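Presented below are the structures under discussion, each in the form of structure tokens.
Presented sequentially are two complexes of subunit A, the first with subunit B as partner and the second with subunit C.
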Partner chain A sequence: MTATAADVALTKGRTGDPFSSAWRRRLPLLPALLFVIVITQLPFIISIYYSFTDLKDKTQSLIPEPTRFVGFENYRQIFSDPFFREAMWTSVKMTVLSVVLSLVLGTLFALLLDRKFLGRGLIRTLLITPFLLMPVVAALIWKQQMFSSLFGILNKGLNVLGFGSVAFISDHPLASIVTVLVWQWTPFMMLIVLAGLQSQPGEVIEAANVDGASSFGIFRQLTLPHLRRYLELGALLGSIYIVQAFDAIDVMTGGGPGSTNVPYYVYQESIGGGFRYGSASAYAIVVVIFSILIATFALRLLSSLFKDEGRL
Partner chain B sequence: MHEAPERVRRLKGLVVPVVVGAAVVAATFATTAAGKSEAKTISVAIVANGQMQDIAKLTPTLFTAKTGIKVKYTILDEGKLRQVTTRDVGSGGKAFDAVMIGPYEAPQFGSAGLLVDLTSQAKASKAYNYNDLIPAVRNALSAKGHMYASPFYGESSFLMYRKDLLAKAGIKMPLHPTWQQVAATARKIKTSSMAGICLRGKPGWGDLGAAFTTVLNTFGGTWWSAKSNGEPDKAQVDQPAFKQALDFYAKLVQDAGEKDAANSSYNECLTQYQAGKVAMWYDATVAAGFLEASDSPVKGKNGFAFAPHYKTSSTGWLWTWALAIPKSSPDPASAWEYISWATGPQYLKAAGSRVTGGWASIPPGTRFSTYKIPQYKTAAKAFAATTLAAMRAAPITNPGTTKRPGLPGVQYVGIPEFQDVGNRCTQLFSAVIAGSLDSSRALSQCQQIASKAIK
Partner chain C sequence: MTEEHQRGSRLSVGDRRAVVIGLGALAWLVALLWVFPIGWTVFTSFKTEQDASAQTLHHGLSFGRYGDVTESTTGTLSLQTAFTNSVVVVLVSTFIVLLLAIPAAYALSIRPIHKWRDVLFFFISTKFLPIVASIFPIYVYAQRWNLIGTRTSLIVLYIAINLPLAIWMLHSFFKEVPRELIEAAELDGTNLLNQLRTVILPIVAPGIAATALLCVIFAWNEYFYALQLNFANGSTMPQWVTSNVSTRGNFLAKLSAAAVLACLPVVIAGWAAQKRMIRGLSMGALK
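And now, the complex of A and B:
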């Protein structure tokens, strides 16, 4: 399989002479390409194979048992598995909420940072900090120092104001996780949008000002269309990363009710204790297909939406 | 035209970093090689409980100073430790020379050929004294007569309560209370600043799962029924006895339990009990050592009763944290040297005067000789006899009212599927305790999980 992949790479889009200068320049890259194919695509193909078998590990010794080919059985089961459906729904809610909220907040912060004020550098650094933390650390900080109903800051605040304690993570697991994800990803969105804002030509805004446009009008008619590509990029990258959220779930709820997304469910089914690798692989494959579909669709939708807006 | 000299310059620029890099790499290899020949280092994964923290502190002076073997500890909470050991031991990873496991894992891993059989080494070592080990504990860690792990401490479960507070309320706790008596007492004694009872509510089969399963057993329920050959037959989570047990447990915690119960397990309850925030606590017998430790704020105020019962007479669990050597260990000889010291009778004697909690908080429940040490007998007077009796009475072959798979085992079902089922179902039960999920819904979901697992 690697040989054919290499062949494809060799022949693709070239003049044919293997000793041409273009080819000689590419040759040193081949080992790296091969390496990437072997470590990324091979496991995926093996997963596809596993998804058609009943591979599981009853002794939990991580020594797989002899497997049987079961055809599409694993895929058939997916749609009758209520836990998988719930995990899908959780994934959708978690991703959409986190991406939208962090985009909105990120844009607001970016607009603030685009102005000149005293201590801007310091504020910018502070705002970026959450993104620099390891996800596990961020989740732990929120779990222990913010949300804890015994010694969390939020509950201390509530108590001071005369309200009773709220067990945030137990009672609102999804909202708690989304809060952490938004907190972590807002700086990322902010950076992208800020780059967009700073690439906006100043003369246009000036001209609009001279013409007597209101600042909200300028934002809606000029800035937002200009930011389209940046927002798209942020939404796309954010979705790709947040769909795979795992750390926050593992640390905060351990997959408690309403907080198991698809990656965490696949983990539970496989090395997380279920040890049913066959069906876990099938889940993973379905997720990949869905992710590609959703990403493509979302990108098109977003893109056409803003194009229409630009025309107005 | 300009290309050639440019390239030469670039090449020259490359030479220096390459040479430096090679030197660094060579030096690294040289130091690791030298390091290996000088001092041995072994890696050990242990669970984050008090007695283990103690031994980690004492290892440099008591072990490394004598043997020259350095011990690198990885201290993890119960759930994480299980994930790490299952993965490392199972896949033949070389990360650890010794891992801490329990009677759920030892026979399963041992039979699968993943652990070093310790029997002959243990019997041969006079200092280790194999026959001094309490048989129930030793057997729990063995499969077909082979011992795969050496016990560090052993425990059953019982009820710990504040004698002073109960006396003030005019309640006398019997030595063998029923769950109904305990529940009534908890509801009566609780105040706005102090909970009546601390019960585990944190998800995990070894956390909430352990405490709850002992309640389930005595309420007449079981996770699975058994076929005649002892294999699991059908999931029994949808049966009335299961719901009765869960409702009883959840209601008791909601009415009179600790704050933030869904996140509380052994360590959290220990902290709250010592801080005077709870009046009673049903948990591992090993906790008694900390309650009666010389530095404990509640020393001398505690009463101890056997695990509460309902439809069965004896309900306490049996557990032991024990050290095992994975077959993949890079240095099994040093690992055994460490284990025979850490779980041998000498450590217990040496630790008594050195650990912060004093004699009462040395690792209990593994050796008869522990209960003959005069200082321990004095310090642990309040609970030593009850602990030993509870461990002897633990119904490991007949924990409930019906036939079940995975025996021996009280607070868990000794089949591989239980880990996953226990973890996921206790998440649902924890949500029931927190009040965010209806118990009927939790049980019907758990029934599906338990049915699917044994398919």
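And now, the complex of A and C:
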């Protein structure tokens, strides 16, 4: 194609159809936009529709059809379901514990790595490895190698030290799952905080050093305020993923008491065995409403970070 | 400044070396402790089953378990099947993601459309939708269209998972292409495809590679959709690993070998991409 052809096309766009130039710009975007709308928004809208029906698949006939509209019945039922309430509480505990612990540990690791020492690159590489593992494998490693009462290394260690064995997973299901989540997500938090530490202007710290400020004072007065938004970003992004935790629960407890979070409960109610699509959809919609609340904060924060970096 | 303070800072010069060495040693200790479960699993994968279960080492180390897990027994999911499925699903979905995301990122950064910011935030907002909210309709329609147990259903879903991430990541890389270069190409009358090929792609190539790697990692590790929509012939690597847990007999050494084989490709990819990974993980907010 030559310049004249492009020019002609442009002039045509300007003089003829007023939309054609704008649409030419939008054209490269449309396939991706269309795909995302069809695959992510459409099912969600169908879910809303299901949530007002008593759709179920008890016989597993593989062709579940909505039988009748039940109005808000499914939603009313949510508030009288003690298991759902327990799952909500488990979700909150699991997410908050995992995010806070991995954030604290991640920050400590980042502070350790934010100085020169022998083999720093190697240590950083080692530390991010748990985050790269399949979540299923991470959970299996901890279940079989670490926690298992049959051959777990933790119980072997306890026995050597003269303590009795602990049934980690069956007696402390939530703590066991949180351990695995923290183990995987600490490297993620570390990377984000490390990016924050390395974006800190060096002159300010040096000036504070020259003024005789203590290391802890510098950290509290200068570093921590600078890190605040990075910590917030880590917390929000971590929450988005950890709130949806499924793999670790499925592998470690299969949703036993005290370890079923909301996504896992919804799964059990529907394709995981309950096959009550109608009521499970109502649960899912409630989860979405909570997610939208978190997401609103997350997006606002992301957008402010972008503006500050001058890239939007 | 008092006398004491000055003395303090002079002393700390001598102390500082000890502190630096101490903190370095602490970092080593923490890192080794943190990866202990992985190291132990790699170690176990070379043991015999008896040694693995007893956490002892009487029979030496060998590659025997790796041989065992790669052997296929009829009626169970073989490594070959799972590996082929994973490779096909991961590569095809990643390729299509890039095919869709590169033009989209172009339209959102280099020649931005009106209200491009809203579009960008719409894409990322889809990542906040819980998967459970959309899994039943997907499941019901996959059944209706006979897509359960096929690679196609996973490819479509993995594109949906990775596309928003890829668009954000590529957008942040495309933003860094100097405007003057594009303007010069426009003045020369280079058309869009040639502009992409000769001016933009060479600059953003490392960014595209990092984006592709991240898509590969997420698709390779995905378990929920693979489990729900693929219990038949389309099973992928995560399901293969779990299939090595057995209720009869010892399995720890074989499970460890399977875990190592399943994770190795992605761990190596992640190590290679670690410098650029942060941008993808933070949705492009951090460099």
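In the analysis below, the second predicted complex is superposed on the first by the 268 of 312 C-alpha atoms of A that agree within 3 Å, B and C clash if a C-alpha of one lies under 4 Å from a C-alpha of the other, contacts with A are read in each partner's own complex, and residues count from 1 in each chain.
The rule is short, and it goes like this: a residue touches a chain if its C-beta (ideal position, glycine included) is under 8 Å from a C-beta of that chain, and two chains touch if they have at least 3 such contacts.
Predicted, not measured: the structure shown is a model, and the values here were computed from it.
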{"item": "Which superposed partner A:L103 touches (first subunit B, second subunit C, both, neither)", "value": "neither"}
{"item": "First (subunit B), second (subunit C), both or neither touched by A:A22", "value": "second"}
{"item": "Subunit B versus subunit C as contact partner of A:R124, first or second or both or neither", "value": "second"}
{"item": "Partner chain(s) touched by A:A87 [first = subunit B, second = subunit C, both, neither]", "value": "neither"}
{"item": "First, second, both or neither for A:L113, with subunit B first and subunit C second", "value": "second"}
{"item": "Which partner, subunit B or subunit C, touches more subunit A residues", "value": "C"}
{"item": "Touching partner for A:L150 - first (subunit B), second (subunit C), both, neither", "value": "both"}
{"item": "Touched partner set for A:F35, first subunit B, second subunit C, both or neither", "value": "second"}
{"item": "Partner chain in contact with A:P263 - subunit B first, subunit C second, else both or neither", "value": "second"}
{"item": "Touching partner for A:I271 - first (subunit B), second (subunit C), both, neither", "value": "both"}
{"item": "Subunit C-contacting residues of subunit A that also contact subunit B", "value": "62-63, 150, 271"}
{"item": "Subunit C-facing residues of subunit A, complex", "value": "1-3, 6, 22, 25-29, 31-33, 35-36, 39-44, 46-47, 50, 62-64, 109, 112-113, 115-120, 123-137, 140-142, 144-146, 150-151, 153, 156, 183, 186, 188, 191-192, 194-196, 199, 212, 230, 233, 237, 240, 243-244, 246-247, 250-251, 262-263, 266-267, 270-271, 277, 280-281, 284-285, 287-288, 291-292, 294-295, 298-299, 302-303, 305-306, 309, 311-312"}
{"item": "In the complex with subunit B, residue positions of subunit A that touch it", "value": "58-63, 82-83, 148-150, 165, 167, 169-171, 253-257, 268, 271-275"}
{"item": "Residues of subunit B defined as touching subunit A within the complex", "value": "79, 83, 86-87, 90-91, 108-109, 112, 114, 203-204, 259-260, 262-263, 416-417, 419-420, 423-424, 427-428, 430-431, 434-437, 442, 445, 448-449, 453"}
{"item": "Contacting residues of subunit C [partner subunit A, same complex]", "value": "1, 5, 8-9, 20-21, 23-24, 26-28, 30-32, 34-35, 37-38, 40-41, 44, 52-55, 100-101, 103-104, 106-108, 111-114, 117, 119, 121, 123-141, 143-144, 156-157, 159-160, 163-164, 167, 172, 175, 188-189, 191, 217, 220-221, 223-224, 227-228, 237-238, 241-242, 245, 252, 255-256, 259, 262-263, 266-267, 270-271, 274, 277-278, 281-283, 285-287"}
